[in-house]
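All chains are identified by letter, namely A, B, C and D, in their written order; residue positions are counted from 1 within each chain.
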C-alpha cells in the first residue's frame, strides 16, 4: 500500500492542532492546559476524587475525547504513539487535583508506565496523592499468568467509564481505585487488523500486511498479535475472537456482560455491525446475557483497518457506574 | 584527544551527541518500524533537539550540571519509553560527577554504571530482554575494566561493547516494550533503544578521541 | 489502490446482517420490520407525527442509526447505494404511522425521490397521510438557482435532528413539515474526498483518485465534485470549503450556526479535529458564532477517506429542536 | 419467427429477457462505475432474477398479466432509480395489452409508448438528459412507424433505435441521476439505464425473431 493521503498541516503540530479542535468542539466544556498538550474540564467539581487519563496520541478520540462530566477530569496527551512526558503528566495532575487525590488510568505500556510513575513520584513530593490503574485487557498480548505484560487496548473505555462514575460518586480515592481495579480485572479484549495505520510525521505505515491476510490479536500500535492468516468470513473471525476472550477470564454461562466493538480506524460501520451481530449470537449460544453494547471508534490507531471486541463481566456495582449518564466528545449517554 | 573534559567541553560533547542522534533519526525510526511502533527516531529527535537547545542555554558550572540538564531536556521533550529511559540514564548517570570538577576515566565509567542502575530501577528490565540495557550494561562493564587506561580507552571500549550489545540484541526475543509480543519475529532485528545507546557512545568517543 | 479488504460474510447479505447487528446493539430499543430490511422503534409513542427516514445502505450509521427517541421512528434500508423499494417504504410507513401522518425525510436522489414518491402514492390510497422533505444540502452539486438538483449529504443529520424534535413536540404534520423545511433550507454542506469507498458486492471502488489528488465537493457515492487538485494543507482546504458554504446561503456576520464535521468513512479522528479547529477559526474571522459542534461519522460512503463540513443557520426554533435530548445508535445527547 | 405471442409465449420471452440481463450484469456495473455509483448491474440482477421467479410463478392469464407481474417484481426487488424506472416502464407499458389477447405489432408499440409515458411522468426527465429515455423514446417512435410491417419488424426496428439511442447518450451531458454533476466528464460514456433498455429489447427481438 502507498503512503496514506491525509488532511494535515505541518505534521509536527498534529497534537496541538487536534487539541485546538477538541476544545473548539466542546463549546466551552474543555480547556487546554496553558499552551501545553493537555485537556482539562473547564468546570471541575470542587470536592471530588480526580480522574486523570492519558497516553500517546494517534488513538483519538482516546484519551482526550473522554474528558467530561462523569468521565475523566483531564488528559495529558503525548506525541503520536509516545507516552506524555512526566512534567506534562505532573502539571495535569496538579490542575485536576481537588485535594481528594487523583486516580490515574492508562494503558499498560512501558513508556506510559515509566512516565506516569515518574510523574506520580514528583506529585508525591508536591503533596498530591495518586493511585494508578493500568489497563491490560488485550488477551492476545501475553498468557494469563503474565497478565501484567498485556497491553491496554479498547478496554480503557470500560475502565474509564466505570472509574469516572465512581469518582463522581465516591469521596475516597481508595474506593474509586477499588472499583476501577474491579472494572479492569473483569475486562478482556482482542483485536484484528486488516491494514496498517501510519505515523503522520513519517508518513510511514506501522506495519505491512499482504493483500489477503489479516492479523488476529494485533495491538493498537500495530504490535504483532497471535496469528496472521488469510482473510475469511467475518463470522468465523468474530467467533474465534469472542471465544478466545471468553476462555480467558473465563466468562461462563449465566454471566452478564457489557460488549464493546471498537473500530481501529478505517473499518466501515457496516462491518462493525455485522461483527456485533455475530458477537451477540456467540454470547447467546454460550448462555451469556448482554447488558449493553457500544459500537464505535473509541480507541483507534490512525487509519488502521480492523476492530477489537471487548467484554466486561458485570456485577451490580459495575453496572451502576457503567450506566451513569456521561458526556464528552467521544461518548455521550443520558 | 582528551584525557579529561572540562565542564564546558562536556557540554560541547553533549551538543555533538545531540547532533549525531538527530542526524540518524530516520535510521532509528526504521529500526523501530521493524519491531516496534515506528516512532523511536522522531522521539529521539524531539529529545535531542532539546538537548542541543539546553546545552546552548546551560552555564557549564560543573560536569554534573550539564549532564543533568541534558537528562532533564530528554525527559521533558522525548515522551514514550525512550524519554523516560534516556532521561533517567543521563539524570541518574550525572550523579557520578557530583564530586568531580572534570570528566575523567573513572567519572565516565561511573556515569554508565549509575545510569544503568537508574534505568534498571525505572523500567525493571533485565539484560537479555532486548532493550537499550543490552548495549548499556556491556558498555558500563567494559568502561570499568578500562579505567586504568584512561578516558580515551574507557570510552572506546564502552563504544565497542555497546556495538557488540546491539549485535547481540538481534538474537534476543523481546520480552518488554512494544516488541514483546513479536516473539520470534523480533529475531534478526536490533533493538532501537540499544542502537541509540550505541550512537550516543559513538559520538562521545568521537569527541574525546578526536 | 487494490480491492479493499473487509470483514464480511456473503456480501449479498450485508444489509440484512447489519440490521441484525443494529437491533442487537439497541438492547431492545429497535426491531426489524418482520424479515424485511427496515428498522422501527420498539415502543412508538401512541399519539405523534411519525418521522420516517431512509435511503440506500452503505452510508451507515445513516439512516437506521438515527431511529430513536426524539429522532426518527423508522427507516427502510435499501441495498447498498440503492434506494429502498416502494413496498418496503410503504410497509415501514404503515408500521410507524400513529394516525397523525408521517413526515418523510431523505436525501434528494432520483432513485429515492421516485421510490418514496411511489410509496407515498400507495400510502395515500391506504389512507396514510405523508409529507416529504428532500434534503439538498450539497452546494457542490449544482448552482443555487438549481438547488433542487443538489444531492443530500451530511445535512441529513441536522434535518433529522430538528424534525425528530419537532415531531416529538408538535401534534400537527404540517407544523412538523414547516420546521423540517426550515432546517433543510438553512443547511449547507460540502465534502472532500481523498480516497474511494467500495461496493461490497462488487468489491470495486466507486472511483479512482491519483495518489496525490483530492476531489473537492465529491458526493456521498463518489459523485464528482467541483475540482480535482493536488492535496494541500488541511487549513487551506477547510477554509476553501467553509467559504464556499458561507457564500451560498449566504451566512453573514452576526449569524449563529451549528457546525457538523462528518467523516466519510476512513478519515482519522485526528484529521477531523484539525479541520474542526480551522472551521471554527474561519467562522470567528467572519463574525459568525457557533452554537454547537458535532464531529463524527454520521453519513459515510463505505471506506471513503474524506470529510464534509455542514453549517446550519439557527434561529430560536431550530435551536430548540436541535438541542433536545435524543438517543440512537448514531447519536445520543442528554 | 412470431407474428404474435400468446400470453404463455410472452411469459417465456420475459424469462429470456431476465436471463439476458442477468448475463450482462458485470458489464452494466462497469458502465455505472464510469458515470454513476457502480451499482446498476447488481440492482438489475436483483430485479430481473425476481422477474424470472415471477414468470415461473405467474399463470399466463393474459399478456397484460405477465408484463405487469414482471414490472411488479422489478419494482419490488431492484431498488434505486432503476427499480422505479424499469418497474414503471413494465407496469405502465402493460396497460397497452389490457384489451388484447395476444402480443401483436400494435400492442408492442403501445407497450413502449405507454411505458415511456409512465417513465416520463415518474421521473420527470426529458430526452437528451442521458437516461434510459434516450433509448426508450427512439425505440417507441421506431416501433410505431413499423407497426404496419408486423411484430418482427416492430421489435427489430425498436432494438436498432434503442442501440442508436445508447450511442447517442455518449455525446450527452447528464443532467439527472447520479451522473448529473459529472458535467462534461460524463461525455464519451453511455448511460447505464439506456444500455439496460437496449438489452431488454435485444432479448425480446431475439425471442420474437427466432
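Definition applied: contacts are C-beta pairs under 8 Å (C-beta built on N, C-alpha and C of every residue); 3 or more make two chains touch, one makes a residue touch a chain.
Remember, it's a predicted structure, so these values are computed and weren't measured experimentally.
Any chain bridging subunit B and subunit C, meaning touching each of them, is among A; the list is complete. As a whole-number value, the distance joining the C-alpha centres of subunit A and subunit D reads 55 Å. Per-chain Cα centroids separate subunit C from subunit D by 32 Å. Centre-to-centre separation of subunit A and subunit C, using mean CA positions: 28 Å.
A separation of 76 Å divides the Cα centre of subunit B from that of subunit D.
For subunit B, residues touching at least two other chains: there are none.
Not a single residue in subunit C touches at least two other chains. Chain contact topology: the protein chains form an open path, each linked only to its neighbours in the line. Taken pair by pair, the chains that touch are A-B, A-C, C-D.
By the touch rule above, subunit C contacts subunit A in their complex via residues 1-2, 4-9, 14, 17-22, 24-25, 27, 57-58, 60-61, 65, 192, 194-195, 197, 200, 211-212, 214, 231, 233-235, 237-238, 265-277, 280, 290-295, 297, 300, 302-303, 305, 307, 325, 327, 329, 332-334.
Interface residues of subunit C facing subunit D in the complex, by the touch rule stated above, are 56, 78-87, 109-111, 114-115, 117-118, 140-142, 149, 151, 199, 201-202, 204, 206-207, 217, 219, 221-225.
Against subunit C, in their complex, subunit D makes its touches with residues 29, 33, 37-39, 41-43, 46, 75-85, 88, 122-123, 175-183, 185.
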